[in-house]
Amino acid sequence: MPADILSLAGANLLSPMTLCFALGALAAFVRSDLEFPDAIAKGLAIYLMLAIGMKGGVALAGGASTDAILAIVVAGFVSFLLPVVAYALLRAATRAAAVDAAAIGAHYGSVSVVTFVTASEFLAARGMTFEGYLVAMMAVMETPAIVMGLLLARRAGFAGPRSAAATRHLWREVLFNGSIVLLVGGFLIGWIVGAPGYAKVKPFLGDLFNGLLCLFLLDMGVVAMRQLRAAPALSPALVGFALVQPLIGAAVGLGLGSALGLSVGGVALFATLCASASYIAVPAAMRLALPKANPALYLTLSLGVTFPFNVAIGIPLYTAIATALRP
Amino acid sequence: MSDAPVHRRKKIEIVCERAILDDVLEWLREAGVTGHTVIPHVAGHGRQGRRDGDEASRILENALVIAITREDVARRLLRDSVERLRDFAAIVYLCDVEVARPDHF
Amino acid sequence: MPADILSLAGANLLSPMTLCFALGALAAFVRSDLEFPDAIAKGLAIYLMLAIGMKGGVALAGGASTDAILAIVVAGFVSFLLPVVAYALLRAATRAAAVDAAAIGAHYGSVSVVTFVTASEFLAARGMTFEGYLVAMMAVMETPAIVMGLLLARRAGFAGPRSAAATRHLWREVLFNGSIVLLVGGFLIGWIVGAPGYAKVKPFLGDLFNGLLCLFLLDMGVVAMRQLRAAPALSPALVGFALVQPLIGAAVGLGLGSALGLSVGGVALFATLCASASYIAVPAAMRLALPKANPALYLTLSLGVTFPFNVAIGIPLYTAIATALRP
Amino acid sequence: MSDAPVHRRKKIEIVCERAILDDVLEWLREAGVTGHTVIPHVAGHGRQGRRDGDEASRILENALVIAITREDVARRLLRDSVERLRDFAAIVYLCDVEVARPDHF
Amino acid sequence: MSDAPVHRRKKIEIVCERAILDDVLEWLREAGVTGHTVIPHVAGHGRQGRRDGDEASRILENALVIAITREDVARRLLRDSVERLRDFAAIVYLCDVEVARPDHF
Amino acid sequence: MPADILSLAGANLLSPMTLCFALGALAAFVRSDLEFPDAIAKGLAIYLMLAIGMKGGVALAGGASTDAILAIVVAGFVSFLLPVVAYALLRAATRAAAVDAAAIGAHYGSVSVVTFVTASEFLAARGMTFEGYLVAMMAVMETPAIVMGLLLARRAGFAGPRSAAATRHLWREVLFNGSIVLLVGGFLIGWIVGAPGYAKVKPFLGDLFNGLLCLFLLDMGVVAMRQLRAAPALSPALVGFALVQPLIGAAVGLGLGSALGLSVGGVALFATLCASASYIAVPAAMRLALPKANPALYLTLSLGVTFPFNVAIGIPLYTAIATALRP
């Protein structure tokens, strides 16, 4: 099995996607002026979320099982509870303040869409399939963690948003942020139109997926490395947290995924979701709701450490374990 | 030219993180400011370090709000800003301006 | 036939394109932060206009008939005269001021490229073809309505642009606005290079068309709904106008299209052009030339009411009637 | 430091809808202003409601023009603006500034 | 209200071509300015003709830097700017402002 | 052979790419408001550079020969030396000041990626192939010319950058500017993943290449024409320089390319590189390092004169000569 992991990891490290990520990181490291316009990065993100959502919906088209509904509910609970684990770990093993620990916890309960998408391509390249409703599980995991993060902070004495506008803004973020709308909306559209409707848009939403993912990961490499460079030096304990917490999350995902009876690919993807940390929706929410938490900390851990770790090492690792767990 | 009537007003400028922009605009409205202008994407550097909106969540980006208003309103806003914006990346300052249509501000 | 219309409308409402439009509208309705960067929206518009223009030119490549020239001239006249109808209707049935009625009229004489493009895909999905020069008819309908709008306003006592710069700006807008350049330019390029030249760019300009249209309609849904929300409450009479005027326009298009001997698909498309209202070129021109007209009115009617009406109901309706009219 | 010569000029700022930007710049030029700076995409709120450039035609978007010029020129522009910009979304105000190179403005 | 303490500072604004933006910010830092705000994409017209960032290399684009600082620092910057920015498209001017938190600037 | 050149030139002038360029130029000429958002133009440039880089790497995958290394070194030297030729020509035949001549020289020593890419498609459409490492030759030619330009200026008494920040900025530009990172990075990725890895991204990076190039050239047409219009009137001598210098560069490229034993396509491409002038990386560097040089001059010559000349006439001309030179 270790040989397996190594060969999977090797293949992953040498895929065009991972190499594009590395290229972006390198460019930022040498302070190249390579820069993706923000509009292009946002456009790519919209594409990826709509495309992955629709693919999931088409895969499930026609039927929706109780299996799917159970799995989606479980995913929501996991997102809600993972921040508690992260919070406890941070308070026990690092010197993070309570409000920072609560904010960071919220990030690790939520998910990173790009990590998921990269994992799904990793599986596809190996001929492994997964349940269409994994996409719905991802969508449902986006924001419960925010609520738990706020509860943890309140317990530690930090009030949430102070003005009515900020509260409204926060709830909109939790319920209807752009990622959720695109993932769930794309999922429903795919579910409604099925394979015949999907055929019309497949040249764009299907065939180009890998290529556009390359471009997106190139940009993510730049962004992650810039975040690392701009950040204040992190304590070794915090860096350790950002490497251990994904493993804890993955273990939870591997266990629950097997218990839910997901396919091998599905287990690997669910583990990846639990292991990944948000770097778009949750930071925006935390900045509003917990302004006393330090954004440099949570952004650097999720984007600068955990994201590259998952892309390079985590995904093949979780896949190998999911394969080994196959009954 | 010399006979053109001159009306004095205050200009208040607020540089703040985009996350609280809606909040700041609501505050201005409550204080009696009747209009404003927003420069939506602004980079900066201050006590809280570099803020240049270069990352995906864009929380490290500022906006610049300009509002022309009466002196008393502007002074009250300036005074209240200390408490109101304490936790956020933000600065506030006033400046004298002359306008032609006093009813407008 | 009514059964026919219903099944066409049903199929239309469940296509990925219409569903994407609905998703965008829903996102804006719940005030999701889903937002297309402006640059992406503009890039998509450039793509759609170049692609549809070139497709039309390739379809006509080799020959240009007197049929085509006659149809194009007729289209120009229709655009010039439709504002008069709209103006009369507005003044008779609503309380719109003269200057507002003139400005709104100009919008309904002109066309909406996205409505046309959506209709052309609707036809293609049903195996219906149309004359390549429909694209040229659309281009020629873009701006004569602006001139008539100004004449109507002047008759009512409103001067046009006051400064020399504004006048120059206006004429450039009338003659060379970006849509016209792309549609006519693309058309000519397609006409020159024909099928062999087109083969080189077809993977991009042809195969991806539907997928990119989905993305564009998603954004249009957001934009149309935001416009509706931000607008002052419209009187029922004005909303009624925005639903009746397209039907009048479509009737004109159906009649003239049949008289010109267009194919069924061609008649349906010409009806769609007459029924649609501009929301890009004409607002920009009116703002300059008739500043006293209220932009909230004309934008909301064309973008917030007529555009969704045509996309959801108008297109299948006009197609069904065109089919029924077949001699 | 105290010996640095100080030259007083006026700064005129105009927030207006983008549709008339070319027109406004032509007007400044005719009035004798020798340079200007434009912040091209600016949102705002005033008598004419929200203007945040969120729609496809972009007519609901403002620009901010800054020009440094002599006091007499600035005052004339301020006075004329009332008539000139009446129908449009626009505001104009003046402010005192000091410059180092008087020949420049 | 009248009892709110008023603290006077200077605002220095610099419009310069983007190519030298990093350089200008370094210069401000060395001069003792503790913060700044940058409006990154700004068009303009001056002695060097039109500069509207419309071409591929984007060298014809400006940025606008705003910094609030003490009067002596601002005056020194204004004086030094003449020599420092001679070869580039750039203008500099000062303006009086009032702030609420004097420790901040 | 003249007949050959004419037919090649004719075919080139009537390709969708060249026609798109002409359309853009025409739009800018009539002052249409057609405008590509800057973000879209940058996004297209990133795509083209990554795609051409990767294509080159895949073509070379597996082996790297001493041939390749020799050719790359030669290309670097040519870029370093061509500015001297241009400088001498400008000083002898025009009234350009020394600092302007040095800055312009640096532009002509460097290369234009879009010209290269257009030439590579021109060859592909004629079934001609070229060595994969031409891409690496292009990357290596990007910036040595900047160094020579500065040396020439210093010899004429103009100091380089004055502040430490400007110097650092300049060196980063020379070594790691975005184009170099994308071209070299894409090349290495293609080289590593080879044909099997490339298959995953080919629908995007390969099949769409021509279509996206059309869009990019449309924008380049607008940009080049605007530059020409905004520029001060150029003296006939300067315009002459911008037409003769590419021919000199092409002659150098044809000679050295043959001597290096490149294929016909390779010789034509190398000639095109030598003939082309930078309009992105070098202007940015010159503006910093030689602020006393007049940007309107160098931008107008490279972008407004030489670029269209090469796209319309140069490429087929160099190709015809390379074909005729075939031993």
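Chains here go by letter, A, B, C, D, E and F, matching the order in which they are written, and residues are numbered from 1 within each.
Throughout what follows, a contact is a pair of C-beta atoms (placed from the backbone, for glycine too) under 8 Å apart; a residue touches a chain by one contact, two chains touch by 3 or more.
Here the structure is a predicted model, which is why all the values come from computation and not from measurement.
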item: Chains in simultaneous contact with chain D and chain E; value: B
item: Fewest touching-chain hops separating chain A from chain D; value: 2
item: When chain B is superposed on chain E by its C-alpha atoms, the rotation angle in degrees, nearest 5; value: 120
item: Which of C-D and B-D has more C-beta pairs touching across its chains; value: B-D
item: Whole-Å gap between the CA centroids of chain E and chain F; value: 36
item: Averaged-CA centre spacing for the pair chain E and chain C, given as whole angstrom; value: 46
item: Distance between chain centroids, defined by C-alpha means - chain A, chain E (Å); value: 41
item: Junction residues of chain B, two or more chains touched; value: 39, 95-96
item: Residue numbers of chain F (touch at least two other chains); value: 37-40, 43, 203, 208
item: Chain-to-chain touches, reported pairwise for every pair that qualifies; value: A-B, A-C, A-F, B-D, B-E, C-D, C-F, D-E, E-F
item: Sites on chain F touched by chain C in the complex; value: 14-16, 19-20, 23, 26-27, 30-40, 43, 125, 203, 207-208, 210-212, 214-215, 218
item: Parts of chain E lying in touch with chain B, wherever the complex brings them together; value: 1, 4, 9, 11, 25, 34-40, 66, 68, 95-101, 104-105
item: Of all residues in chain F, those that touch chain E in their complex; value: 38, 41, 45, 163-166, 169, 220, 223, 226-227, 230, 279-281, 283-284, 287-288, 291-292, 295-296, 299, 303
item: Residue ranges of chain B in contact with chain A within the complex; value: 17, 19-20, 22-23, 26-27, 49-50, 53-60, 87-88
item: Complex contact set, residues of chain F against chain A; value: 37-40, 42-43, 46-47, 50, 54, 172-173, 175-178, 180-182, 185-186, 188-189, 192-193, 197-198, 200-205, 208
